């Protein structure tokens, strides 16, 4: 049993990590921190977990962390993680960081997109971007995993197979994402107030979403060419779930549907959490049918008349888009079964 | 008072027409037909209208229609309206047809998109496409109004100002539409069953949606150039509301935000039901804030880095996307105040 | 045109008043106050009202109010209204107060239920409890209207006809209310955060809800006997709508269904906003079918085997349960048509 | 590994059984029947289960069932199960029947409540009512388990501790249940059509709900006295989840809150799936926090002023209210860990 800590355990990503780690047979959660709820039971803020944890939230302490844990999941805000990671690594702990602080390889991009002078450019090289479907081999034994969020994960996994095949105009990709309210985290705001948020179909951060930086980095890694993509997220009226509709333009009209299908199947062959969808009753992915699970369902639609292809990916934003993927990457890094703690079929109807 | 009939009064569009006409000071609804509910009170199928109508549903009769009404709203399925319209016109009745049967000018397009040999190509020329923001003058005195649906209306009104300005790549437009469940009509199906439909984020008819035909016709009318557009609708988890996110590519990077803004304002100057949105708390349109009203809220987002512009339009799919717009066009055709029967502010929160 | 002010115009009740008064032909809204948004346009906080008001929010001023308005709607929190009402009345203004501050006749009850020593017991006698279905005659010419909220209104209107008939055990009434999220107002909180509030079925204030005081006062007024009732509200997953299921025990088993029906019909005869429901497809009231309107739908269910009767009432909590009823009572007080500004059929589907 | 069959595998209860049995370490699902989908893959109708089953739906066959399975879960409609059970038992198979056909001990009650002359009164005696919290010992080795549904389970588990304590007026109990749409099953209907069902707060079967029969049977078993209870279910706007608010009247006012609390704790001591709730942030049970799990959260509210107590229970209607409880009872019958296949914490937020 590996002793693990969850730092920042009171948010939704922290709560989801705790839910998953409670089902994980190879780890024991020994330390859960929260600035606000230190000293209080886990269930006070995560009522679903009543009965699953007999430890309370703690204040983070550098003394305790080394003694309590071998691996650390950081569910902290951006620009906060960066202050924890170097020292945790120095102490010999493995770190799975769910913030954006170590996702980009190029420190210049932090300046450009985050107005942030990254203080540890060397660590950026060591970090492995935590999508096992793309970086499986590098994740083995990784000490620092930079685990991506839902907009990025959904967009990358939708676009990857076709970008890899070099059949698209690489400069004109748009990821029109639709995402549920839990993506915004556990802090109430005007925009998340139920009467305002329910029934919304609301574009947000639609003019230069900064996750485009990591998406372009990964798609360039896959295609070995320059890629430009624009993210246009929309808040829709579910709690969980994200659908990325990645619209692209074919550079040739030679290919037919079956060939697109084959390219996708081939790209994801052997990947446990990818399901390629093409059917009668349910022709395209819908996040509704992956809720509560770590699956990503992938599909596509082609309109040859205009040369447009749309690649769809559906995920549960707190699972494959956050905590589930972090556990999956951790499993790969440790040589565990990739789906340890993640063998739950999606909940339906839900 | 003009005596009007609603043919096909039991569906959602029919019900919405009845709701609006009950508030209309210039008309009296004298005849409401339904094959299935003939002889029964209106409120049996529209429980919201209890107390508003003291006539029952009737079977349609050619004898009655001429005697009862001067104007007829047809809320019938596609390819059914076509059998009613010519004779109603011959009888001297004005027709507002909410089906697709008279929306396209070119009969060839019916073959291509609907696999339908249109029997009355001459009438196609007489019909006025019922978006008053585009065809205001032609609607005056119009005898046959072809009133469009929500995907088309939302897409056309979002794209119109910029297509008119000739600043986009006309061959690479995508309308990624998100729409609520009432768009599918009042007939239950597997896909509309509440446990399957609620929380869905589900692409549908994503490979050549036939409403692209009328959208292209109208955008070409506006821009005087060829336009190609692809519609990719998504079912999301509200009852009412449609948001069109029309993604386009700028052909030059000379223009700035203020100029886009001006072009939109200019294009819609004096149009009662268009509200152009650009703000702090609510920067983009959200159908949530037009529910129950005939407004279309218009906005946009630009990402100059990649030359992408997204034009947003938000409507209530049963109002500006169906019954409301039909009443608005009817008002224009009759010389009434454009907003007669439609002076209801949107419901909020809802 | 009567010049009216809305004091506390930025909340949901204030916003709904503004929406209704914009459709009201006998009033002009000349003054809208908000401490937080003074100087800003109405639409900044009520995006639905964009285009309907060309005045901004003001800071409340005793100088201005007298000059600007003849009647004042107070949409202020409890224990705040009480500081405005006496002086407004002295200034000769009519007051419609939507707080609880003047609803109870007996000042002792404010001590008991609100821990509040009411400073103006004399004014309590002058105030008219603002349910026109109960106090129609007293409302005529009323200078101070104490307009009730949704739990009270729904419960009173459900229970009234049978309590009036003296056929129930008056000491064992329970109003199990189900209500949407807008009832909690416009301020975000942990409990109203969308991911926590959506899909909730959550009892609250279930051990001595203080609105029982006014409900008992009104039911005793109607029945001329002592009545005890317990309110058990539940937050459910809509934005608008409240259903009260008032469970009671019959004191005799002589009566049959038709007689209950007759008693209800008789009690509400001539009341414009009451619809009594008993049908096949929709046998009981559902707030879904009154949304956006001022109607209350009333129905009942009897189980003679155990002597239980449940009386149901369905309202839109912001309309008949708040702003709509306030306007209705104001109309009666002024001798206007009771439904002036309120002639909107419910929105469906919504 | 025990080989099990699921008969009637295409509905929601069948699908949920398949989801749970896929995680169960002691069983193998060898046979899944569906009249409508025989020959087709499981995922065609349960898209969430794509990748979990490599067998297809079969037509039920008496030859196959004996050969394929040792235990059978029947997810069939009422009055259909009754034709399968006797022969399956004769063949030596264990039967977990999720219909109402073997829940009542007294055949007269089938006449009264179901207008049904039960053909196998002897089998009624052998069947064990499948709530392990009530019938744990009898379930051990049980050959026929009559597994109850969500209204009954929620009501019984809420009422049991206090009915057991004999502190209530046994003749005046009301269970006001609020339940999500999945309770109605997978067949679309007018009432389940999304635009009609979403946002509903709709009483149904409110005048003599027949599940009162089994609830009274069980509460009499627990209290050893006659009990009368009335069920008043309400359809609310979630997919999963049921809350029973069981309203009762105390026969004495001697008891205080702590004593109620103790009685409940005592009654459920050692029961793995019961969580008794009494807290600050979440004072009462909410089905939202048991979704996806087999837990029942129990709580209560007292209003001593009027002698009213409300007992709340919150369940996931497809889990503790159907498939989860069936698996739990099966586990007990087989001597497995009670929570085998059911060790999933509730999903949150969801």
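In order of appearance the chains are A, B, C and D, and numbering begins at 1 in each one.
The working rule: a residue touches a chain if its C-beta (ideal position, glycine included) is under 8 Å from a C-beta of that chain, and two chains touch if they have at least 3 such contacts.
Here the structure is a predicted model, which means the values were calculated and not measured.
Chemist: If you list every residue number at the chain B and chain C contact, are more than half found on both copies (same) or fewer than half (different)?
Modeler: same
Chemist: What chain lies farthest away from chain D once each centre is taken as the mean of the Cα atoms?
Modeler: That would be chain B.
Chemist: If you tally the C-beta contacts for A-D and for C-D, which one comes out higher?
Modeler: C-D
Chemist: As a quick test, compute the distance in whole Å between the mean CA positions of chain B and chain D.
Modeler: From the centre of chain B to the centre of chain D is 46 Å.
Chemist: From the mean C-alpha coordinate of chain A to that of chain D, what's the distance rounded to whole Å?
Modeler: Computed from C-alpha means, the inter-chain centre distance equals 36 Å.
Chemist: Centroid from C-alpha atoms only, then distance chain C to chain D, rounded to Å. What do you get?
Modeler: Centres of chain C and chain D (C-alpha means) sit 38 Å apart.
Chemist: Which residue numbers or ranges of chain D touch two or more of the other chains?
Modeler: 12, 182, 190, 195, 199, 239-240, 281, 286, 291, 349-350 - these are the residues of chain D that touch more than one other chain.
Chemist: Can you check the complex and tell me which residues of chain A touch chain B?
Modeler: Touching chain B from chain A are residues 171-172, 174, 176, 178, 190, 195-196, 199-204, 206-208, 228-230, 232, 234, 236-243, 245, 247, 249, 281, 283-288, 291, 301-303, 305-306, 308, 310, 312, 314, 349-350.
Chemist: What residues on chain D touch chain A, complex-wise?
Modeler: 12, 15, 19, 22-23, 44-52, 182, 239-240, 275, 277, 279-282, 286, 289-293, 297, 343-350
Chemist: Under the touch definition given earlier, write down the residues of chain C that touch chain A in their complex.
Modeler: Contacts found on chain C: 12, 180-182, 186-190, 192-195, 197-199, 239.
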